[in-house]
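Order of writing sets the labels: A, B, C, D, E and F. Residues in every chain begin at 1.
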Amino acid sequence: MSERGYFEAAREAAARALAEDLAGYGDITGSAFGGSGAARVVAREAGVLSGRAAFAATAALVDPALRVDFAAADGDRFAPGDDLAGLQGPLAAILAAERTALNFLCRLSGVATLTAAYVAETAGTRARIAATRKTTPGLRALEKEAVKHGGGTPHRFGLFDGAMIKDNHIAAAGGVRAAVDLVRAGTAHVYALEVEVDTLEQLDEALAAGAAIVLLDNMETAAVREAAARTAGRALVEVSGGVRLERVRELAEAGVDVISVGALTTRAPWIDLSLELEA
Amino acid sequence: MSERGYFEAAREAAARALAEDLAGYGDITGSAFGGSGAARVVAREAGVLSGRAAFAATAALVDPALRVDFAAADGDRFAPGDDLAGLQGPLAAILAAERTALNFLCRLSGVATLTAAYVAETAGTRARIAATRKTTPGLRALEKEAVKHGGGTPHRFGLFDGAMIKDNHIAAAGGVRAAVDLVRAGTAHVYALEVEVDTLEQLDEALAAGAAIVLLDNMETAAVREAAARTAGRALVEVSGGVRLERVRELAEAGVDVISVGALTTRAPWIDLSLELEA
Amino acid sequence: MSERGYFEAAREAAARALAEDLAGYGDITGSAFGGSGAARVVAREAGVLSGRAAFAATAALVDPALRVDFAAADGDRFAPGDDLAGLQGPLAAILAAERTALNFLCRLSGVATLTAAYVAETAGTRARIAATRKTTPGLRALEKEAVKHGGGTPHRFGLFDGAMIKDNHIAAAGGVRAAVDLVRAGTAHVYALEVEVDTLEQLDEALAAGAAIVLLDNMETAAVREAAARTAGRALVEVSGGVRLERVRELAEAGVDVISVGALTTRAPWIDLSLELEA
Amino acid sequence: MSERGYFEAAREAAARALAEDLAGYGDITGSAFGGSGAARVVAREAGVLSGRAAFAATAALVDPALRVDFAAADGDRFAPGDDLAGLQGPLAAILAAERTALNFLCRLSGVATLTAAYVAETAGTRARIAATRKTTPGLRALEKEAVKHGGGTPHRFGLFDGAMIKDNHIAAAGGVRAAVDLVRAGTAHVYALEVEVDTLEQLDEALAAGAAIVLLDNMETAAVREAAARTAGRALVEVSGGVRLERVRELAEAGVDVISVGALTTRAPWIDLSLELEA
Amino acid sequence: MSERGYFEAAREAAARALAEDLAGYGDITGSAFGGSGAARVVAREAGVLSGRAAFAATAALVDPALRVDFAAADGDRFAPGDDLAGLQGPLAAILAAERTALNFLCRLSGVATLTAAYVAETAGTRARIAATRKTTPGLRALEKEAVKHGGGTPHRFGLFDGAMIKDNHIAAAGGVRAAVDLVRAGTAHVYALEVEVDTLEQLDEALAAGAAIVLLDNMETAAVREAAARTAGRALVEVSGGVRLERVRELAEAGVDVISVGALTTRAPWIDLSLELEA
Amino acid sequence: MSERGYFEAAREAAARALAEDLAGYGDITGSAFGGSGAARVVAREAGVLSGRAAFAATAALVDPALRVDFAAADGDRFAPGDDLAGLQGPLAAILAAERTALNFLCRLSGVATLTAAYVAETAGTRARIAATRKTTPGLRALEKEAVKHGGGTPHRFGLFDGAMIKDNHIAAAGGVRAAVDLVRAGTAHVYALEVEVDTLEQLDEALAAGAAIVLLDNMETAAVREAAARTAGRALVEVSGGVRLERVRELAEAGVDVISVGALTTRAPWIDLSLELEA
């Protein structure tokens, strides 16, 4: 996404998160501590980094005098014990920022790390691993970017920038063709249409209706292979449906262009990182 | 938390999440669909429900004409196939609300479900399972409540409503007593002090300094048992430190009052729920 | 656009506009007037109506007790002297709402009216009249909808929901193909690419690169006709470039799909409407 | 207006306008373009400049690294081909800011240019050309200032800073005197009263009631001349009512102090300006 | 002020005040209390009521189910023991709203009560008691209205709706006339000019320059009498400068139109009111 | 409170207060004055300073070019004639900021000054003077800090960071013990409980129930002395109830820990300060 949007999203998310931690008198424990200090973020397990923008925005909002330096870039792999970032400045500010800043880094690195695992499985194929709209409410911009940091592709941002005709639309319209016609008539001419199909028959209908992308939902791998072959470049082929890490290579080798995986954001545990004050 | 605060938090989170999904022309696929419809939220796996407020707020914000009815209460256990809630109203509104409303329910039920598993392990002891501040940025109020729906207790909300002296504070002040004195002098007289201790020596110091709560961090179970006995009701005893489900009963039986568990919010997978349009 | 987004945009624009008119003590003249009254919006010239949502939102924000009834729908043609809408309620509220409510109706009906004139010129062809991003800052959602009320199509909402490669992009990338590749690699797979071309050579390049839409910018009509023929359905054909009303039919008959016209929003005078208090 | 208010208004309008263009992933076309660039704003027709504050605010909000330099001041006349301003910085930022920044400059220069034409017609008289409250919703501060850039005077800002008794008020109160008394009793003592009159009889009543300004609405020029003479400095004389450019000198020479013209903001076409990337 | 503005100001102030009292988990004491209840606001000392709008807004924001009924109107005098208002609804909501709702009523009734004392002193004269801009930051609209509830007049709202030339302006411009000319040239023609004068010489200058209002600042009563006589209706005469209650009648009888008194808002103690739960 | 929270609160309060003074065209008198100037804040009576953050924030928001220098710190005592602060920069900005900046300083210094008088009365005792929640709506953070500047202690911020069981709670629960149990069960384990008691019997109950703080409400001094003795360090002892300056020493000597005084914020007159432009 554009730099401006990403940093703005990070800043807003950081402000909201800080407001959760610092109402009333703020940090009633730490504000008693004067003087300056320094701290390092250290990895306790391996992973792929994401969340620097939100980490930095948190620090800046707590106190513009806090200096942040990163020892790794978003997208970098790290090992247990690696030093990822440093904070330097007023001790009370470090203490106030610690938890909120870490929460972003742990969560977003968790998403990047799981994405990287899926991407690694597809190495050498043309399949890209894509995020879905199953993102944590309020963190979509950051999580979509975390997927990119993990080597994935973000898919549409929301309902507004990609037209996707799903089973419910097809049922409501009474068929693939009818759904496509209805959506084309009702929206601007600038959108590519993606059509979800469950069967090869529906695939043919979707291609005939001019779908730019076909989404094969919950199909067996053999059917996916057949669908990819039948499409033959007339549309992009995407596959989805509870895709676990064990199955992703098989799908990638079936010839699809995109594999979208909800688990990237719904099943990624936080990466364990800690902030260690320097003596 | 107070009803007002909780519903307000749910409404704000829903508004933010909808803004992620509905910029520009909004739902460019679904807005072409006229008429009314009805849909049910169905569980695809077992769990404990949480998130009704955000689910309902999402629906209301998309279209006040959407009617929501719940077939289960927050805190209820459900089985695969169970019907949890219904949406009725303009078809376009159901389609626009679907993903955002479900995201809340799936995420928050995930937290409630994992909490309930921890709580079940401590049945018959006096130990309570508590959340930490490792909550998803922007969702603290909802996730703390989800922990309550799972049978847990929410702990302090943020840095502002509970004074907790941790290792960093003790190191900076030069000892437990010094840290307690510093914090007491710097804050209002109304806060109970919680002091984190790593050893039994520190425990004695904390009790002598008048700690209302002692937090045993990363201690062996035997040491925990000894600490609880030594405290003998002079303070509440809390334990923390990467507590996994397998170990929680052992800790509960060691005589502690509270076990705080970051994993409730950092390692809880989403519960799989789907919205099914009725024919 | 979706109903929710449109009404929300209208409400926000109305609130902002009212804030311009009602700071400090509010309406220092009209608030002295008690009692109730009724008023009608009367057309002083012919036009096509747009702006009902903002008109109604203005009234509701000034005083929820104001009742609005419309005698015409958005998109309806009206003649001088026609009664378009009524306001009923507290006299002071009518006086306070008058100017702001009318400003929306006059401006947006101006856009709808000019659009309808362009659309009328293209009757019987397949060409659609489209808006551009040259909209009044802050009123894009309302003006795009006004274009629809006038019979036009709204085009992409902003930079985020349609990928359009223009001369600057082509120059920066060093050619049509390079620009297309760059944009494809840098964005999600879900967007249709529109490519602006100045010559038939560029048109060929754009089609070869897989453009979903080609934009013929400032071409002579003969070249437009040739371009449309050459494209032969492989992409949508759009034309733009200072298109005046006199020339629009000629272009429509040249076989294009879309004619985008900045003047719809940059050269549309307000329609003269007045609010008349009933005796 | 005060500098602070004007720049604040510009910044807010720019932020809103950018939000219309840069939701979701932001500029999905331009963000793929790295490196730096420079561009110039060039006039394609003659006019009077206005909108520098909003242009600059737009650039700064897109990217603080964008450097803006102006080759002309607000209020300056320019000719076709004139270079008005430059943008220098990240290429992606220039592309993202282009349309929004230009929209302000084109619209506001349009208002300044039309105002200047009216002002030129009144050269040598004491009549001033004034704006009305028929401003684009959301842009009042900027459009009122554009009128000043064109040589006009802005009139009251809204309903809150000038008390104007119009025909509706007079009718509701049952006469000029009664309306004046009602408004005087109901508001603070600090406001000058302006009274709209349709006839010389009403003029006499208004002057007798102590009006500080009389507004001659839709009167013939002869009546205006007589009214100005009869007022004889006891009040300021303002005239209004669909005043076209052709008639404005005649009115100015009739001895009025102020001519208020809705067309300055309701009938001003945008000035055609373009942003040209430097090779 | 207009109803809309006043209620909007009350609602915003109430929301802000509640945010001060109800962060985090909200009312951690009262939210444990279920069931319904009823309470009355009882006066513990005599006064004049103001603040109903903010009281009601507070209750509505805490819980729309809270019912408020008032036993007295704004501007009514009350005696110790009088019942002023009632709250009925969920007990937890009454407890959460109590302090915030009372704070408004106590503060604003304090302002109204002190104003009424000043007004009572001027009975039978034409002098009006006016507020100044020395209002509590954030409560101007409510305090200006409280002054009206006490029988006073609110004066200009802020720097934007009344032009007042004070000693600093005169010094900076180099004289009364120069200051008046400067301000007239720099602002719209719609404002009445008020000029502050310290001496009778300055008074003459101000009248000659066309001041609509003259403000006699810190003058002896004899000089005020002379000034009022000399002005002879050519301008409104206002007097100010630390006017204590004991001196206000003397000034009123000196023939002035307006006496502005900072103490109405800077020296008014809160009225003692209590909320009593009914058994 | 934490620096960040305090400065943020000051900035928000300043922005709100400026919005009250500078709507529409802003300062319609002062904006005509060009050039630079300098001014000093001078005390007209003795007091204790508070409000520097809001004073500085006001100046910075009006114009970042305004330079503020303070000649005294928050908490410093000053005498009539003392120079407290200076403003330097654009004359128009000084004039626009004057009233708003002073309003903060006068109000908050009033609170600090009255607090200091109470604190002086308790010299040599261990009793601390505490603020209550009877703060001006919207200014709680600033007024609580003003109390600290006067030597007092701020007490809980709101309903969310201190659990206080008052007479209403006790009545609703049916006794002290029942109320304590209800609140303990309903909230997190981290809060100290404060219990308000009217009699020595209730005191015993509160201590037995484990109250961390007991609040003696409206008790005679002899009873207070007895209560303090009876508590004997098992809980903090706080006293409240319309405590006037004359009685505070007597209470302090009765052995209490905290005396909370509503009058600090409800009966503190503004300190008279003036801004004097330098010639």
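The definition used in the following text is that contacts are C-beta pairs under 8 Å (C-beta built on N, C-alpha and C of every residue); 3 or more make two chains touch, one makes a residue touch a chain.
As the structure is a prediction and not an experimental result, all values here were calculated from the model.
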item	value
Chains touching both chain C and chain F, listed by label	A, B, D, E
Most widely separated chain from chain B, with each centre as the mean of CA atoms	D
Same or different residue numbers at the chain A/chain B copy interface, by half rule	same
Separation of chain C from chain D, taking each centre as the mean of its C-alpha atoms, in whole Å	22
Distance between the centres, which are taken as Cα means, of chain E and chain D, whole angstrom	34
Averaged-CA centre spacing for the pair chain F and chain D, given as whole angstrom	46
Residues of chain C whose C-beta touches two or more other chains	22-28, 30-31, 96, 154, 157-158, 160-162, 188, 191
Chain contact topology (line, ring, star, complete or other)	complete
Residue ranges of chain B in contact with chain C within the complex	22-28, 30-31, 61-63, 92-93, 96
Of all residues in chain F, those that touch chain B in their complex	128, 130, 153-157, 160-162, 188-192, 194, 212-213, 236, 238, 257-258
In the complex with chain C, residue positions of chain D that touch it	13-14, 16-17, 20-33, 35, 37, 54, 91, 95-96, 99-100, 103-104, 106-107, 133-141, 157-166, 168-169, 171-173, 182-183, 185-188, 191, 266-267, 269-270, 277, 279
For the chain F and chain A complex, residues of the former touching the latter	1-6, 144, 154, 157-158, 160-161
In the complex, chain A residues that touch chain E	23-24
